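We call the chains A, B, C, D and E, going by the order they appear; numbering starts again at 1 in every chain.
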Amino acid sequence: MTAREESFVALSVLLTGYDSVHLLGTGMAEQYLAILDSILPTGMVDDLLAAYQRLPQGPQREPAAAATILGDAKLGPVARNLIVLWYCGSWTQLPAAWRATYGAAPQDTTHAVSADAYQAGLQWLAAGAHPAGAKAQGYGAWALGPEGR
Amino acid sequence: MDSSDITTLEELKSYLYSAMQLEHATLPPYLVALYSIKPGTNLDATQIIRVVAVEEMLHLTFAANLLNAIGGEPDLTVPGFVPNFPTYLPDGEQEFLVHLAPFSRQTIENFLQIERPSLAPSGVNKLVARREHGPFLHLGTHPRQTTMRYYSIGDFYKAIEDGLVYLEGEAQKQGKTIFTGDAGRQITSQYYYSGGGHLHPVTDLATAVTAIRLVIEQGEGQTATIYDSQKELAHYYRFDQLIHGRYYRSGDAIEHPTGEPVSVDWDAAYPVKTDVKLADIPAGSELHQAAAAFNQAYARFLAEITEAYNGKPHKLMEAVAHMFEFRNAMTVLIRNPLPGSNGLYAGPTFEVSPEAAGAPQAGAESLEVVA
Amino acid sequence: MTSDTPFDAVIVGAGVAGALIAKQLTGAGLRVLLLEAGPGTSQSFNGYSRHLQQFYGATSKSAESPWPPAAAAPQPDSSDLRNNNGYFVQRGPDLYGSTYTRTWGGSTLHWLGVSLRMLPEDFRMHSRHGVGRDWPLGYNDLAPFYARAEHELGVSADVADQRYHGVSFAEDYDYPMQRVPLSYSDRVLGAAVDGMTVWFDHESFDLKVRSYPAARNSIPRGAYQPVGAVDLHDDGSSNPPLLGGRCQGNTSCTPICPVQAKYNAGKSLAQADRRYLTMLVQAVASKILVDPANGGVQGIEYKRYQDPASTRFTTAVAKGRVYILTAHAVENARLMLASGLTGPRGQVGQTLMDHPALYAWGLAPLAIGAFRGPQSSAGIEDLRGGAFRARHAAFRFDIGNDGWRSTTGAPDSTVSEAVMSQRLFGTALRDQLANLLSRQVRMSLAIEQLPDPANAVTVDPQYLDALGNPRPVISYHIDDYTKAGMVAASGVARALFRRAGVQDFSESGNGSWFPSVYYQGREFHYHGMGHFSGTHAMGDDPQQSVIDPDQRAWQHHNLFLAGSGSFPTMGTSNPTLTLAALALRTADHLVATLQQ
Amino acid sequence: MISSIKKTSLAEIKARLEQHPIEAVIVGTGISGAIIANELTKAGKNVLLLEAGPGTNLTLQGYNEFLSNFYGATSKDNQAPYPVNPNASMPRSTNLRKLQPGETDSATYMVQSGPYVTDTNYTRVYGGTTMHWEAKTPRMLPEDFKSQTLFGQGVDWPLGYDDLEEFYQVAEREIGVSADVEDQSYLGVTFPKDYVYPMKGLPLSYLDQQVAKRLDGTEVELYGQRYPLKIRPFPQGRNGIPNDKYDRGQGYVPVGAVSNHQIEIGERCQGNTNCVPICPVQARYHSGKTLAKAFQRATGSIHLLVQAVASRVVIDPVSGRVTALEVKVYKDPKSSEHETVTIAATIFVLASNAIETPRLMLASGLRSSSGLIGRNLMDHSYLLSWATMPEICGTMRGTSVTGGIIDLRGGAFRRHQAAFSVDIHNDGWGWAVGSPYSDLTTLVDQYNLFGPELRRGLINRISSQLLLAFMIEVMPSESNRVTVDPQYTDQLGNMRPVVSFTVPEYTMRGAAYAREFARTVFARVGAADQSRYDPGDYGYVAYNGQGYAIRGGNHLAGTHVMGNDRNRSVVDTNQRSWDHPNLYLVGGGSMPTIGTANVTLTLAALCYRSARSMLDQLQ
Amino acid sequence: MSQLEPFLAFSAEVTAFPIVELQGTGQAESYLQTVEDIVGTQRLDRLLVLYQSLPLATREDIRQARADRLRRDIFGSDELGPIARNIIKLWYSGTWYELPSAWTEAYGPAPQDVTFVVAPSSYVEGLLWTAIGAHPAGAKAPGYASWQWPPHIPPFAGDPAATPR
């Protein structure tokens, strides 16, 4: 894995709340980074990664992330899209104001990334379930209590 | 030299400690009476008692400022600082007990006794023999001569004023001063809740004397007039308005208020059991727990004030906010029927023991909010 | 009867009715031509898997998402309701909320698999409750066919659960497979609901969360052999199923069962005798050719297209001794009307019905494990019958296992709300999702609807599809009988949530895009259940009905209209099992007459 | 303070009128009337004050009745404490409804002729709207006085910041403003060297601090310029800690509750979280405090006639001077029985507010030669955005508002879109959705909670509420106006105000940006946006495909605008009518624009300025 | 007076405020009176008798059973549920909320059944404010500058946040 990819995964860990083992386990990391690269203006992914690198350690880390990444007019919508990408496997069109300011790529439409991405969505993991229509838990498993997260 | 005279700095400090004890002791009775009034009734009485109680807090703080000014260390957590009610307070002529009791004519008359204006006739020894009163605490007694007491609270404060003048005079002769306390320990109006501009720091003899005179005036008043120098009605006359059912106006003669009528509904109060004790409340009951919790919180409050008086004046603002919370805790107790007492109600017992306060230093910390 | 055509029967539509009839007729050695308007891509396992991938990759996971229509055989789509510009021409006043699938296997590809029998009282609505009309058949007439249909569809249930409101079974009968286990959330809800009593006037009903008969493979009883996934090839060969012997809990019955553990019509077609069956896919029936002298059908004109993306076609005529329309309640009526056949007193297309349904949804007090199991495994059936039906509709509840997917688009919408609106990220986000998603509860409240001639499918030459076939024009309204049922049903749902301590979010659907009706000052958002019926109702009286009890058109001696369009009323049962029973009954009739 | 305010009976007034000519009649006891009355009596002038309400709150008992009304009211709206009085009605927000295009709703006192329905209101009782004001007292920015020159928007004032500065100081003293100069020196607002406010600033609420912790220092970009953000305290007309540096070290003595006997409350705010609709202890300024001083000083030369509704301004057609005022004096709020009296005086001061003053003028047939009476009605448009904070912040405590964001009150972007000031509300989502009651009913009735889950649910739901109220600038537009119509009258037969208002595009651009800005703030503090605007809301305004619920701000202005040109204004810079030399129209109505400052402080400053001119005229 | 004790016991459980604090509002009698006046003594009796018949919660499993029964038999009842919910709202806000129209249709209207604040003092004594560590707007002010400190949210028995489940 390149340093850039490592940095991307580390950012994703912060944003999604899942550790890198989980994220890499989906097999989607490279693809998601590529999506960001293809949709965002040149250099913006690196801006995002740089902003991540600048975050302080310790208890101020989360508030700082909230302020300098999620709260940033440019990076915030991108970061939120990345979270949704991880959780749902789909890309959401960036807000109109963002598109007007920073330029819209033609690929920036709301779309499901791929069949794999759908099945890799973290939302199912969070729910203690499985993607509807895939990774079934087996006959009768539904009669047992859920094991969350 | 009169036997009442103060001649040493230590003596002055113990007088001032007694003064704090005295000022504080009036608070519980006033508060119980105030909060026993049923909501929405007796609006005038509510205002009158509330204002007096607030001023007693002011006097307490003045006493702390005086003590701090001469290098003392106010401590409200000393065992016995809070009296065990009923208790005796000194008055001019006759002995009487001060009770924790609900709002009633009798209770207001009790308050009038507390605030009765009186000074010893000139030339008379201000100390009079004290009768033995059993286990009750005595306030306003002479610190050195425990068998004697002051003729009145006014005399007691007058003795302090004389002591201040005397001791500072002696000190000045040697190029020194008794006002050696850290000015940063003074509580100023910034930190005191009500009445902008009333509270001033005590840093020298002049400010000390001003403070003492204000306490005397606001409290018992001067015999000659019903208004103090700030054109405010003295406590005695404020209560007196409730008895007469009429407000005083400027120019009124003592005992003859001619202002607007004051409507008093003596029955519109919860019949709190007089001088209720924890022991009166069934052990283990929720009510018992609530009453004990109140005492505990009150002890912590005193610890917090002590902290404020000892170099952290900003803590007073927080303490005052907690005092507002006691108001709510007190009203809760007052509105709970007291089991097995024929229709009487519970109330705060003010039984504050060191144990209840927890470890002495833990006071402020344990008030950390639960958020 | 002698044969002057190569086929004994021409069947239009490869859905459940057509498949069952084809299987029965070919089994009897009768030659069958089956025309299917849509493509046959779901016949092979690989083709079916591509549909599954299509679903995975779809941005909207709607009921139609795995099954996109061919340009030449368009179909309604649930998103059409947002702006009313789809295949249906909706004339209102209310919107008809349901959809169906025009492809090989029909709507059973995306059905839920609920296989309820109708109640005995459902067949006698007019006699018993003074509303609607009676069937020319009774429960007892259909009971043997129900049993056979349950066998054909592979229904999992325990008879012990299904005896209520007069539903009876032969003494030694039980379903071919054991009931599908109740989900954990059913059991939690059941613990709160069971024993709850509802009063309608002076009649009380004890509610119970119970498993319903489902056409999904579970544990077989006795010697029953469940039928798994279909794998038919163009050369006519077929592989034994590798999958689908048992439900795995994919929580995806609608829109697609990944393993085909749930019945679809392809399974019956795979069992048809291929020696006697000719299947033409991508063949859209466009006109019924009738002999004006005696009303007899002379052939069915159809348009065949080669490319599902294109609308180029060739026209041909299919001929047989008899003609059986099993295209769908709407498509049957549409084809008749497009051919100028309006039936006795113009009844073709009239009395269109559905089960308008409400959603009730909320958050359970504890995690109940949403998004697991079959899409739904239990319901509440106790209010399907009762004296109250004289005044308002009966209803049944389906309890979902898929969280708020149907109502809000969860879990995606839950994620989106948390990220985009609430601006959560990291562990706070994960905690919130874990907490919210696993507690989501949803019920569908399916409400009975009465036959009303004003609710109708018609055609209008100004509205044509790409092949020039007229599109269905739908007039529809929901009457007070059904609306009063909505009031009752939502009241029960609310009470039920209260007992279970479920935080009720149903009211927050007020901004929903689902169509709504107003009643007693309240707004009800409803959706369709896909339960089209009534468009060619059967009866004893040739003047008062379109077909006879054998589903033969009164006016055309060799034309059969089969499917839920034949229902005079539909009670509260999901219609598939009943239409399957009717199809088997008609098949018996056809075998008996055609073999003469 | 102990006050000796007395109502004077109509009979006494009549008797006095025969003996002593009245020098000034003032209509209205709100802050404008009070300041002018106080200034005139200082100079020994003979003043008659008219109040439309019954003046029950002159006594502490009466004031407490208002408080009790509020406690007992089912709807705790702005007017909850103030009884319905058909003889002096006031707008109430509780029965507004959305209008169809072209529709007029006369079901409420203030007739809404649309298209926008405003819930703006004012109070017709003794003390006027200062009885329910929130008491925020920011000064206008220097650039606010020149918005036409600087931004090509609105009009310039005939006065500048420097002309008003000394009067701002006087007004701050009278109102008793608590603030710290270092917090209030921004965007060109300057103070004389060594100036301090009478009292120190009120502390920011815990909620403000939690927001500030994460927001301070971040920036937003707008039309190419970056604006750093900071949570700042607002200046407040509310007693805090007196600043001993005030008045060159003289200090400041706060004015507490006004009463007819000693009560000693209100010298300092207690945090009742109830500035609007009524401060229980009178720690917040109301104009009764100013009037108490006037009556204290000059018992014989100032008189108050209550239940007196001015109904006609009588003009001498030759000179244009006002010869008299017709006043309907009613006996009982419940009955229309009244006596009409005619009162002559040397000068006449209409100080009833920016709706009632033009209403009286128009009802008297006085449209002003510029035709601008009643036109250019302005009010701040409020847009609310609400969210849940990530932790418990102790919402529902403190004064209504302690802090907010003022960084976008000014800047070059005002060429394109309206400026705004942002309040952080300490009372949660109350204004937006009726919290905390709506939270209680949702949790109990809909979420089916009880017991500990309910109690915890309430804590989590209420104590972390954050509401940002955007007070958005509105520029003058002649079509936004107050008129009268003989078909709409009140119980006394006086014509009611008819309001037509469209939220201007310039304001809506600001609103649309405000919504985005709110999202940015929420993202930075980690708050979850919960805002929803219902298309059925009476104040719903659609703009660029989005909808917003816009609320009125009770900051009424512009209806008798001041200016240097008599053809383009109604009053001169002394608020004297161009047409009627002995008539003054005072108050917010004189303001040509309102910027993003709550109007009270500025209109008070104007009244001090005008009082000098009146005294000159009375010499 | 006979009803007061069970009324308070029920109220304490459903509001999660101990009886001492309920009594401490001084509103107990007037709330009981309000409920009786509007829904009738007999119906309230039924609710309280049903309440008293619930299993006593001494162990964790029984506690859950008790909560379930309370939910099912009282809060889930068409007749008693709306009353129980109204009692909660009464204590928390001092306001009687008009019963749902479905209830009124089924069990008959009461003339006093309109939304109203029971008394000015009941507004002031609403437990809502105590629960969130605040004070009723316009009353029981907490003192100057108190708002700058974090709220004191009183702990209470059974707080789900204190005892994670």
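Note that in this section contacts are C-beta pairs under 8 Å (C-beta built on N, C-alpha and C of every residue); 3 or more make two chains touch, one makes a residue touch a chain.
Predicted, not measured: the structure shown is a model, and the values here were computed from it.
Looking at the partners of chain B and chain C together, the chains they share are D, E.
Within the contact network of the assembly, the step distance from chain A to chain E comes to 2. Note on connectivity: the fewest steps through touching chains from chain D to chain E is 1.
When the interfaces C-D and B-E are ranked by how many C-beta pairs touch across them, B-E comes first. Measuring from the average of all protein CA coordinates, the nearest chain centre is that of E. Of all chains, the one whose CA centroid is most distant from that of chain C is B. Annotation: 65 Å between the Cα-based centres of chain A and chain B. Rounded to whole angstrom, the centroid-to-centroid distance between chain C and chain E, based on C-alpha atoms, equals 47 Å.
Averaging C-alpha coordinates per chain places the centre of chain A 38 Å away from that of chain C. Shared interface positions of chain A, defined as residues touching 2 or more other chains, are 66, 70. Shown for chain D are the residues in touch with two or more other chains, namely 68, 241, 268, 270, 392, 394, 448, 453, 523, 526.
Touching two or more other chains at once are residues 423, 428, 498, 501 of chain C.
This structure has the following touching chain pairs: A-C, A-D, B-D, B-E, C-D, C-E, D-E. In the complex of the two chains, the chain D residues touching chain B come out as 60-61, 64, 68, 199-200, 239, 241-242, 251-254, 260-265, 267-268, 270, 391-392, 394. Residues 67-68, 70-74, 76, 202-206, 209, 240-241, 268-274, 278, 280-281, 392-399, 402, 426-427, 430, 436-437, 440-441, 444-445, 448, 450-456, 458-460, 462-463 of chain D are the ones touching chain E in the complex.
Touching chain D in their complex are the following residues of chain A: 63, 66-67, 70-71, 73, 76, 97.
Listed in rising order, the residues of chain C touching chain A in the complex are 52-53, 55-59, 61, 181-184, 187, 218, 246-252, 256, 258-259, 367-374, 377, 401-403, 405, 411-412, 414-416, 419-420, 423, 425-431, 433-434, 437-438.
If you check the complex, the residues on chain E that touch chain D are 13-17, 67, 70-71, 75, 84-85, 88-89, 92-93, 95, 97, 115-117, 119-121, 123-124, 128-129, 131-135, 137-139, 141-151, 153, 156-161.
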